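Structures incoming, each one as structure tokens.
Shared chain: chain A. Partners: chain B in the first complex, chain C in the second.
Moving on, here comes the complex of A and B:
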């Protein structure tokens, strides 16, 4: 079984036709399904948030079998994720895609748990603390995409579980939890 | 002078008939008893054998197939019913019914990838993976037996031979000679190209493309435009299982 770092690649990744868009509908549906799962699994495993279509992304080519995805195929697979709410295009030209391997709602729940477990109720944290603080180490919050984190925090704010303080720069934005 | 039939003559004839009947009945009775006795012995012997080798029959596929052969020779089908003493004694019916169910499951699960045609070897590998927990190994013979039982359901399960391989078909697609020829050719590399078909089978390119199109439509083939020679390859997951392929050109 081929690996990418710690990540175990599925068998279909070594089967050349999966790198060519299939013309028959049922076969293509299956193909898209497998790629969607692979992209989500990989991003979750490697904590990848942004996939650039014009940059090197390890899943988009397989040097072992000398196959790589066409631009059309990449866009189709990511669009399928976008349609399911598991990804969002970051620009109109569809060059960059934000992968939500956890939905914003799930991130919000995750943060609430994190806050409870570490006793941060009613205390103030900076956004940077959440992303790279000591307590975040080893959790999914370590290195979380800033925009994803902010959206989860704003969702919590709407629910009255957090208050965001806007600082003078993005570096000192803070948040007070009241969960 | 010819004697006319008298009462005494008639009585003698009747008595003789009675005697014959009696003797006949006796003989028949002795025969049946003997038969019953033999059958009883046979049954107990077979039972004893089965009981003694129950574990071997369950665990050892070679032994199992030999046992089946023996049963076939004496005209017993241990799979004929799940209610007979065989099933109670051996659970052998259950074994094949379970196998049948697992085969149906695997065929359905892999259908999106292989279009409902799966290599018997691949099927067996997948079955063995599932049986790992119970450490009962499954032989090709077992698979064939289980599949032959599935035929009764009329669900179109069938084993077909294509070239050197046996393929299990779980969709009612009829494969014609042209389809078979291409599947057979694909066994070498896992794929074929139109050029290769034209060259090896001396078909016109139109005929080759037509057959390939219908195989694509059936979900039995997948196209691959990624090779550097730029020629479209048609892959067949049923003859080159996805899990077994790696590398692209080592076989060329």
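Moving on, here comes the complex of A and C:
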């Protein structure tokens, strides 16, 4: 089985037509579906949040069979994720794409669980603590994209489960949980 | 009395006459009745196509694909046209006296005679018809054929060998001399042929014979030399077979058929295309047919527009072939019985071979294996793709097709490996290359 770092690739990654946009509608739909699954799977596994279309992204080329996706194909597959709410374009030019391998709602639930498990109810944490603190190690929160985290926290704030304190800089932004 | 007073003529399935060796069509006339006015016991033949050939008068009823023939040898006399006020308003009539045998059928060894009236209901100038009829009667082409037939056995090889002391054919100079001789002969035939168009008509048969002879020479030539390999001979033979073996001795021309040109051409084409179509596996590109057909017609070339028109008329006849236009614009002739399913099955089998699983197939590969033109093969592959059988792979290596694995994969579990089906076959083939 072929691997990409730690990531185990599916067999069809070596199937050359997988890298050519298929013109027949039914085949194309299936191809897009398989790419969506693989991108989400890979990003979840490798904790990737941002995919740049103009940078090398390991998944978009396969040196073993010497095939790589065209720019059009990359944009099409990512747009399919965007349409499902599993990704967002970060700029108008569609050069960077934020992959939500967990939806914001799911992140919020995940944070609540994290807080409960570590006994942080009614205590104050900095945003940086959540991203890189001792307790976060080994969880999906380690290294989380800052904008994704902030959106999840704001969602909790709306539900009255957290209060965000704005500091003088982004470094000392804090959050008080009340779950 | 029965209506079989004229012997039946053999026709092709497309209602084109089957001609004798050396027989040439000279004139066609639509909407003609044949009536034996002085003997009402003979049932009149109504509204058929009358064809004057160099040997016979043929009357063909196209809707029922049936026909009658009358040897020109049986014609005793052609009465001149009566010019009268009455004849100006009635359909033109030409009366012919023909010999009739004891059995009551028209034939050259007749004991009695009968007068047959040719009634022309179409807008034809009867003088042109009479002129052509006299022309073929005077030429007596049928006598030449009979004599030739009986002489052929006696002549054989000896006359060819005996007439001239042959120069020794040895080495390169021998080959060159042989070539030179051949070209001189050909050149002479060509010069004679082009002296005037009438001479060309009479030379047509010789030209076909010449072509036939050249074919024989080409076929027997290389095999006696040890320095050409088998493949070379095979391909040469193929080309020769394709190009020369299907000579059409009497092509339908605008001159002989007039307004009927496209109809008759269409029928002739339907008969002609059968053999190449069979060889090509049921589908053949129109451009190939154009080349083959014109080659077979010799000097009577037709234009691409004429060919297209001839194909378009097929819809009106009951012929087993049809014109088909692919989405890409490529036009082909195919058997009506030809089914895409069969071709798709063959392509599927082809794409499932281990090599094809690993490397895919290009249109060239498919053309070689299926024995068809690459352009045709590509059409078939694209059809298979549109049906979800194949998928494309465009890369610097070229445009290739693979068997469609996408529909086999379960998107909910992309790592799941099925134990049977196409995927394991593909995986094992792909691993073999790694």
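One rule holds for everything that comes next: the second predicted complex is superposed on the first by the 179 of 179 C-alpha atoms of A that agree within 3 Å, B and C clash if a C-alpha of one lies under 4 Å from a C-alpha of the other, contacts with A are read in each partner's own complex, and residues count from 1 in each chain.
What we mean here is this: contacts are C-beta pairs under 8 Å (C-beta built on N, C-alpha and C of every residue); 3 or more make two chains touch, one makes a residue touch a chain.
Keep in mind that this is a model prediction, so the values were computed, not measured.
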item: Superposed partners chain B and chain C on chain A - clash or fit; value: clash
item: Touching partner for A:22 - first (chain B), second (chain C), both, neither; value: both
item: Which of chain B and chain C A:37 touches, first, second, both or neither; value: second
item: Chain B versus chain C as contact partner of A:8, first or second or both or neither; value: second
item: Partner chain in contact with A:66 - chain B first, chain C second, else both or neither; value: both
item: Contacts of A:159 with chain B and chain C, given as first, second, both or neither; value: neither
item: Stretch of chain C, among 78-86, 294-302 or 366-374, that runs into chain B once the two complexes are superposed; value: 366-374
item: Chain A residues contacted in one complex by chain B, in the other by chain C; value: 11-12, 14-17, 19-20, 22-24, 26-27, 30, 64, 66-67
item: Contacting residues of chain A [partner chain C, same complex]; value: 8, 10-12, 14-17, 19-20, 22-24, 26-27, 30-31, 33-34, 37-38, 41, 64, 66-67
item: Partner chain A, residues of chain C touching it in the complex; value: 360, 385-386, 388, 391-396, 400, 402, 404-407, 409, 411, 414-415, 417, 423, 426-427, 430, 434
item: Residue ranges of chain A touching chain B (in the complex, touch as defined); value: 2, 11-12, 14-20, 22-24, 26-27, 29-30, 64-68
item: Of all residues in chain B, those that touch chain A in their complex; value: 112-113, 115, 191, 216-217, 219, 222-228, 233, 235, 237, 242-243, 245-249
